[in-house]
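What follows is a set of notes on a single structure, which appears directly below.
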Amino acid sequence: MEQSRDELFEQVAAAIGYSFDGEIAIGGKYVSTIEHEDEIYVSGQIPRVGSTVVVTGRVGAETSLEQGKLAAKICAMRALALLQRSLGDLGRVKKILRITVYVQSAPDFTQQSEVADGASEVLHTVFSSSGVHTRTSVGVLQLPKNAAVELDMIAVVESATQDNGAQD
Amino acid sequence: MEQSRDELFEQVAAAIGYSFDGEIAIGGKYVSTIEHEDEIYVSGQIPRVGSTVVVTGRVGAETSLEQGKLAAKICAMRALALLQRSLGDLGRVKKILRITVYVQSAPDFTQQSEVADGASEVLHTVFSSSGVHTRTSVGVLQLPKNAAVELDMIAVVESATQDNGAQD
Amino acid sequence: MEQSRDELFEQVAAAIGYSFDGEIAIGGKYVSTIEHEDEIYVSGQIPRVGSTVVVTGRVGAETSLEQGKLAAKICAMRALALLQRSLGDLGRVKKILRITVYVQSAPDFTQQSEVADGASEVLHTVFSSSGVHTRTSVGVLQLPKNAAVELDMIAVVESATQDNGAQD
């Protein structure tokens, strides 16, 4: 029997060893997600679980490529956890239009794409072919709270009411 | 009596001590805003007033957190001034989908979110609950003209003609 | 007789001395373009031609402003080559909503806008007045494969079926 996306989400959470059941705290005077018509924008996510940023530092220096990839996975999981809370369940996600992955990098670290692959793998595991997405990954100097990675997302939502043109 | 958003905009301008009445100059071979259906994209804004970039340098080094926050406010005000010019008045802004805030940062400066709060505060003051937005803030190495902050925006516009499907 | 956009594309390719006829390789577990309704998102492009990144390094240090501008042109040409492959021909591009240009920068290099002008010039040459766009250009610490520039894009597509509301 095919597993639901929410079940796959829980499997990824178990595999990387973190729970995303608690409150997804974000700082600042903004919101986690905004829906407009059939699109949903997700604010930039850092690898925070509960109140702890679990992967910090410059990838390629004090933080390894593997740790960076884990950070990207956690950012993607947070984004999905926010979609879950906003939409009810991940079954309503139709496609992912864009992720942008910012990697706090050592000056000579050029494997930002490999770090971002961590996020892409999560999307593929949970959404299968609907998880294909466009992606931009860049190496930045610093991120909020010394996070190793930050990720934002734009997704398209399957709307039960999408035929009546009144979903906004 | 409730104040209009344009009045609130002028109050913020007075409070931070800059006028946004003049031409909003941008460099390069692009435009400040583009509308598509009910969305409007605003090009990356630096804290330029008239022909002067009023907050430059690395936040966390030669530029303080407070100055960085002021820079973020000025960037947000420029974006709103461009929306005003393009839409006629700010009353037509329905919501803010996304702001991305790039902070020119010292290597160990990790308070990009606090800098970006300056922009979020402006949006809250002018738009109240319609000013909620998703946000991404990152720390970059350098910005055009040594600007301390750069901000871009996607907003949704209330269109008088939105029912006839011909607003593009 | 007016030249088609595809002809203008080939002229720009000849002028900068690179061919974009081959496969447009991208790394990682994502796709080059995704269409949603009448918008098309293009993944971040680096100045790769075939399997070679032809402009690498920090602009303002080992890489000159002119080389950076060339890199931005190549990134824009790659994005257009991907639009061509996805849409059939560039005649279907209605407008460019946004380009974001990330410039791998020396710490004191502040001419990111001038680098990004390379991309804007390509859009103007190929699309003329339909090539106007909003733009954000920032200076980042590092980019995948040590690329000098990375660029992503959101465009609007002229759809033959746009009247029936079923283009998704």
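Read from first to last, the chains carry the letters A, B and C; within each, the first residue is number 1.
The rule we apply is simple: a contact is a pair of C-beta atoms (placed from the backbone, for glycine too) under 8 Å apart; a residue touches a chain by one contact, two chains touch by 3 or more.
If you're wondering where the values come from, they're calculated on a predicted model, not measured in any experiment.
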| item | value |
| --- | --- |
| Classification of the chain A:chain B interface as same or different, half of numbers criterion | different |
| Angle, in degrees to the nearest 5, of the Cα rotation that carries chain B onto chain C | 120 |
| Whole-Å gap separating chain A and chain B, where each centre is the average of the chain's CA atoms | 25 |
| Residue list for chain B, restricted to those that touch at least two other chains | 100, 140-141 |
| Complex interface listing, chain B residues touching chain A | 39, 95-100, 105-114, 116-117, 120-121, 124, 132-141, 154, 156 |
| Residue ranges of chain C touching chain A (in the complex, touch as defined) | 27-34, 36, 41-44, 100, 102, 140-146, 150, 152 |
